[in-house]
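In the two complexes that follow, chain A is the common piece, with chain B as its partner first and chain C second.
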Partner chain A sequence: MISLFYALILAIAAMFVLNSVARILGNKKIELAISLIFTSLISAVIALMLSEGYSGIHAQFIKLNEFSLLLSLAVSLGMILIHLISFREREYADFSILSMFSFIGMLLVIMSNSIVTIFIGLALLTVPTVFSLFLNSKWVEAGVKYFIVTALSAGLFAFGAAMLFASSGSLQIAEQSYDIGNFVAFLLLFASIAIESGIFPFNLWVPDVYQKSPAFITSMLGGLNKKIGLIALIFVSLIIFPYASKGMLAIFSILTMFYGNIAALVQKNVKRMLAYSSISQVGYILIGLSTLSNYGIASSIYQIFSHMFAFIGLFAIVMLMEAQGRHEISDYVGLNKENKIAAFTVAIMLLSMIGMPFTAGFIGKFMLFSSAVASNMAWLAIIGIINTVISVYYYAKLIIAVYTNKAEARPIIISPSLATAAVISLVIVLILGIYPSLLFGLAQGAASAI
Partner chain B sequence: MIPILLIMLLLPFAGILLAGIIDKWANYIASLIGLLEIVLFIYAAHIYMSSGPFSESFYFIPGVANFELIVNNLNIVFLFLTTIVFFASYLSNGFFIKEERSSYNMLNMLAQSTVLGMFLSGNLLILYLFWDVSIILFFFILFHFGGLDRRYASIKFALYSLFSGSLLLIGIIMIYFYLPMHSFEISYLMSHGYQIPINLQLAIFILLMISFLIKIPSFPLHSWAPDAYSEATPGGAMLLAGVVSKFGIYGMLILFLSLPIARSYSFEVASIFAISALYGSIVALSQKNIKRMLAYLSISEMGIIGFAVSTFNVIGISGAIFGSLSHALIISLLFMLVFLIEKVFGTSMLNRLNNVIVQYPLIGYSFLFGILATIGLPLTTGFITDLLVLIGGDKSFGLLILLPAAAIILNAAYLLWTYERSFLVGENMEIYDFVDENAKAAIALLVLFIIIIGVMPSILLNMVGTL
Partner chain C sequence: MIPAPFILLPLIIALPLAGLLKNGKSVAYVSVGASFISLAMLPFISQGPLQINWFSVGPFQFSLVTNVSTLNYILLFLVLLLSPFIYIYSIGYFKNRVEYKRYYLEMLSFTTAMALFSIAGNFISLFVAWEFLSITSYLLIGFWYRKKSASRAARKALTIVFIGDIALLASIAIIWNAYGTLTFANLISIPKVASLLLLIAIFTKSAQFPFNEWLPDAMEGPVPVSAYLHSTTMVKAGVFIAILLFPLFARSNVLSYFTIFGITTASIATLNALKETHIKRILAYSTVQELGLMLSAIGIGAIGAALYFFFAQAFYKALLFFSSGIMIEANENENINSIYGLKRNRLIYISTLFGVLALAGFIPFDGFFSSVSISSSFSSNLVAYTIISLISIGTSFFIFRWLFAVSKDTKNKNISLSYITQPKSMVFTTAFLSILLLLASIVFFYFGSLGYMLSLRYEEAVIETILVALGFAISYMVYVKEKIVVSNRLLESLVYNSRLFNILYEWSAKFVYFISDGAGMLDLYINDMFDWLGHATILIGNFARKIENGDISFYALIIVLSFIAMSALVLFA
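Entry: the complex of A and B
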């Protein structure tokens, strides 16, 4: 009898081989079908493992428990949406295989049991993303910028990992311990991960790269890559260096929130504004991490879910608009007349990012702020709420543009794959908002498993 | 047992689905839903009168909050006014809204669901959820369907209200963590609120009071209200002034009944509201637009009701609850009439209106009735309100009641003066003959309830009981 873990490995390998074959045959539809079938298969296997309470360590470097399984599930669902979003693009044939590498990298980071696995996972995640930015000469600027920062990040990470190994003699995450000697290692690792997930002040590349990348790669950068950085942060700062990181994470959380929200206020380009908004979302997630409590980590996981689906779902519509050359907020005027589903998706996703009740974003933010109050950091919750109020201004600007009437409005047709992606993420965001107990218990179990 | 409160909450969604399918009949569907909600309310009130407060509980966030709906002596009157005012606004929609009827009615029905949910919730978290969603819905009602200056008015409304919502959220989270058994339940808060440490009680009290002052709206934080009321759709203005402003009063009632610190600061709160009442009257005097005048009238009246809550004695609080109902019925009647005037005569500026009573007797006489009810004509609800508020105020604060009393007198003076100038005098003798049966029915409904409850206040005061 084959164990579920080997089924998972087999599915990943089969997906990779079959996708390569389809690439050689040159058929986009078969590629999409294979990617969707196998990503769904992987999600199904992971869901099965999660429901069975599977846990175990494989070959010293992969660790499966509730935490890694839950987040792998989220990432695989996100990956399905990314495939649906990117299908109509000319570059999909190559992007499909490259994103598969990234997907494996993400799973490696999430399931990592040693520092080296995190390092390999991050490299496997970022390098293919850089290559997919080189697929079209229009995106090269973003590609080069992303390449430089990720190279820097990888260098810092390798250096930090080496220092950890020097002090403890082991690469396992569980065997590391904090002492004053390896504090520099912590700083290096933190800087590396902060670059990856866009924590202030390591986030200066984010708006440029997000704006200049095509929408489907931006949705992957903001929806998945950034979240993987945060998961790596959970391993590094919460497991290895809990005491060093408590106050530090709170300070970085405040700076990141304010930076993202205030800079987003003046943006006119939709993707640039969403880039700043995603920076501020990282700030909110850091609130939960800085409490170091189970509840705080659970709330961060919830917010990671909610922002992932809101961001990717929103970019399905940004994709649609971009295909018509509409980039600015003022270009979105009258979308409601042109396509009701697209307008509704934009509104709900943005409301979820604000944290409006009955969307996933509310439950996430509510849990984050209450975890701060529970850990006697009510001031952090208050700063978070002030930031939420600031953020209403720029989110509302886009919602208002979408629902403002335009004189001549011709209906736009969404391609089926984009519509599917938008509707799936819409349903997920609403269900997580209306029936939070679906994920709440799982997130708490995951938080106590690490 | 049938989950009647959940049905009340979800019934508008059935209406939304129907209105989405048959958009020609959206108005009728909405009115039907409004009527059914009244029937359901009567059924719930019957259960409440025969077997006391009851609740329904569903699964929401395990271990943190249940989705709990209650009916008790605090919220029953608010549920009543919600169903009545919404029904009246649905009836009038057919006359006012000609374009995008189905989406307007769908938004309104969704708003009814959230407002009912806010008053029904037995749990602070659920209360906050509905409170915040209703802001977004009313924002869209204002923004998409409102008058000429709707953009400014709606954004101002949204920013003020969302700020108030955020303060409420901080307050609620603080209450949750500083109650001995972490809980969001309102009943638990009321019985154990005194166990929160005194300095935290003060912080919670200040946060929530600012939030409620914005929502009511009361004097220093009221500036969104005149814009929002005068730029809204007729139904929107009726609902904002009649129903949404009661959110703050309901919140204040819960706050005053649960935190002991509220009692020691009740004089300060009462002073704010008394000043707000007088301020509203004085500013209303100088208004040239009758819609803005009514907006300031509403601020003044809400000040009087807020004053009644802060008296914190049985008579005062009964007065506040009763006054909320009275104000909701009267102000929604007045707003509907004013929008009818604007629609029929093409203007709402006072100096351009004359001899309305001859030109359109129905509007003229109904408006007179509304004014008389506002200033406390015996046998209307306004009279009972003024009586209860002044007696209750005298018991708690003594001479401070002179301020709200002055506001009542001032309101009477300028309303009658305005009526004389614009409705009675003038040369224009042309007779308009607009017939809209639904709008007439809405006027009749509101007038009828103002009289019935004014003649027999015991119907409602029995429901409220002795608290």
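Entry: the complex of A and C
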């Protein structure tokens, strides 16, 4: 059993070494191959550990259980897609290695057993992302903004962690206890994580950074970094401060949902609209967390999965459009005539974000709302449904644009790596929508393992 | 042994595969291959129930249950046996029409849904399959959607069948509320309301009075669709449920409705068929009549007779549709009075003759056995027996009229040439079905071993032969010798083109319109209200856009300020 853990470490280390060698040789294809092979290998090891019910604590700062394994699996699958999406870019050679650091950061946050691990993980996640935004002078604006907010976030987190240590004398998550003295620590940690995951009113940077970043980094920011923030939030608010966070999470959930959806209504730029939409999705996920129930957390985990794949899959197509200089919603008109697969992917992913039956998003939202009802918070579910109705307006605008005919439509060719990423995420979104118990059982196990 | 749901896999895999192929012919070949693989898997599927948990909401566990019993197996066998025939026939039928891909994709999804329907073990899988049947039927009836009549017929079918869908859903909800289970095997009885709602569902799907009018209109679809969906498989879904849930219907005392409505429908359909001149619509009326007879037999508990009829009817009906497809192609006309020269192609003529004799009920074709067993089961009820005997004469009469009309000779060289040059895939599938037809009558003698009672009384057999011969004789006198002239004015006003029904439908439509007009007025106000709400929301959105001015120091300021505000609120509140 323990050997599986070492296999995981070994795979990660080998990935680093081999990828660095490939970088020095300067061959992008080998780099992609190594990244794909090892990320898949890591996913396979994690899946194996998950199926064997592996759990344990390593060196006091890493904790493996159903929860961390399931989410690590999600993150490594997400990373595979990110590699596929970014492969065609000129900056891929450097981005590949930087994203690998981010990947380790994500795994550290997910598997963390102490506050310090979360801190290191978040830093390891965000700093390479900032660096990859500095790879091209066109993205520097986004890079600087992201750098400033993450620095602010890290500062708040360090403060909070220090106060927790001062009050309990320990950095282990499990050994923290809630009392009024360290409540300020909670607020500091919460604000820090709220910046990472874009919870209103700490989310103002999100649309700017998402819009100015290249599509593949945006897909990573929205698909993975944001979700890691939410996982850190699960640790901080649900494990350390469960009672303090119940009402607070509900309030922030409502604010975030409304802000994201209403601001998205008037956007014309696709990436900016999707940035707002991802803010509102965080709001939905917070509904499940605020119930503090096993069912609610499981629904949140489900929605984290569903939005991750829908977002990354959609960005495979945004990537394609961006390469042709098409950024606005009106530029997407006639996509169906130009490439059927691209149009279908856009439609299904957006429908999943709306919550259309037979897509993962429907099951996620359904479970979230029903968990709110089950915890006597029906008003929260109603607000969620109102927000869903609002959101249909801007999602449908893009779907309609995609399926509107254009006078002169030349077929555009989608590169194999983008097509693979789009199809993989399509299949995942549809399978999770049609056969939810595949994941929901695991999510419930994960929720009870917290 | 293969678990039952695996039999759907070849068809499901063929769907995206066929979708990706560019060439229409290869789509057809992939579909034919998939249908053959499914058929080949059929002998190896394992019996008994199987449960797949889908998802759960609170106490409600959505699970797809499949079950393979003798009854399920018979329908599954019919569906999978006919599908290769239909698919191969369609290769020829669509030769001059460039719509292979859409057609085969819709057909594959239909076959998948029908196979799932045949192995349904609880109401959830039944409902899923049932809805897919409605949709695929709609798509296939309206296949030539550019034709106004076809799209209208498709809409009519969908509207009527949807009534049944809603009834089915309502009855499912009632059953769940009453007993907390939806698995057929666990249900001992169902509330009477639920069984009446199920009855409506059955009547809409199987085109029974007063929902019988969509089926003849459905003949707007392509010929193989009529042969497969609208005569042999999908329309029998209702009858299948009636047999499957027979004990439940019996316990809630609704069986007599089956008999009453079934015989009514059969009589109406027979009268309609007497006067109809469209080659496929005559067969459609005959299908409606057969479905009515099956349901009426179920109503008096003659499950064995109904089930054999259910089985045997498929072969001659498919055969007759196949041959009428060839005739339509050769003559480029669908009116039996303008169709000539069936005898020009001996093979087709003999196959068609087999089909006609079977439908009329001549010994030794399977139609004979089925109609004898049906009429035998009615022998104790004089009124019903008389009606069924009359229907028997009528059936024989109209189908021979059909045959006489289409086999009249012609001097037109083009027609006789085009009979000979019909695609081989169409001709040979038709001929092969006539062999299956004879095999089906042998099956009759082994049907008892499946566990269903079948009685064949000799006096009934004699009477049946006399009745059928009578029908033939009248038909011969009227249409070949032309010695008797039938005045159809009375029939015409009553049933011709079913004007009565269409008026009935119009009235009910007017009633619904009246209600919806009122609702529409209310809707306008609600609409206005939502307009205002929408405008207000967008105004707020514009305001939100102004906050995000792109200045990062402003953002940092907001973050710090909101942290302070949050702390102040939480700590001092």
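Going forward, the second predicted complex is superposed on the first by the 448 of 450 C-alpha atoms of A that agree within 3 Å, B and C clash if a C-alpha of one lies under 4 Å from a C-alpha of the other, contacts with A are read in each partner's own complex, and residues count from 1 in each chain.
Note that a contact is a pair of C-beta atoms (placed from the backbone, for glycine too) under 8 Å apart; a residue touches a chain by one contact, two chains touch by 3 or more.
Remember, predicted model here, so these are calculated numbers, not experimental data.
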Do chain B and chain C fit side by side on chain A after the overlay, or clash? clash
By the touch definition at the top of the document, which applies to A:437: first (chain B), second (chain C), both, or neither? both
After lining up the shared chain so the two structures overlap, which partner does A:95 touch, if you call chain B first and chain C second: first, second, both or neither? neither
Greater residue coverage of chain A in the superposed arrangement, chain B or chain C: C
First (chain B), second (chain C), both or neither touched by A:395: neither
I'd like to know which partner A:61 touches here: chain B for first, chain C for second, both or neither. neither
Going by the contact rule set out at the top, does A:284 touch chain B (first), chain C (second), both, or neither? neither
Scan A:184 for contacts with chain B and chain C and give back first, second, both or neither. second
Is A:370 in contact with chain B, with chain C, with both, or with neither (first, second, both, neither)? both
First (chain B), second (chain C), both or neither touched by A:241: neither
What is the contact status of A:157 with respect to chain B (first) and chain C (second): first, second, both, or neither? neither
Clash-bearing segment of chain C relative to chain B, given 4-12, 40-48 or 238-246: 238-246
Shared chain A footprint, chain B vs chain C, residue numbers 363, 366, 370, 374, 393, 436-437, 440
Which positions of chain C touch chain A when the two form their complex? 53-58, 534, 537-538, 540-542, 544-545, 547-548, 550, 552, 554-556, 558-560, 562-563, 566-567, 570-571
Which residues of chain A touch chain C in the complex? 144-145, 148-149, 152, 156, 183-184, 187-188, 191, 195, 201-202, 204-205, 207-208, 248, 259, 262-267, 363, 366, 370, 374, 390, 393, 435-437, 440
Using the touch definition from the top, list the residues of chain A that touch chain B in their complex. 351, 356-358, 362-363, 366, 369-370, 373-374, 378, 381-382, 385-386, 388-389, 392-393, 396, 400, 403, 436-437, 440-441
Contact footprint of chain A on chain B as seen in their complex: 59-62, 64, 125, 128-130, 132-133, 136, 140, 143-144, 151, 155, 158-159, 162-163, 166, 169-170, 173-174, 176-177
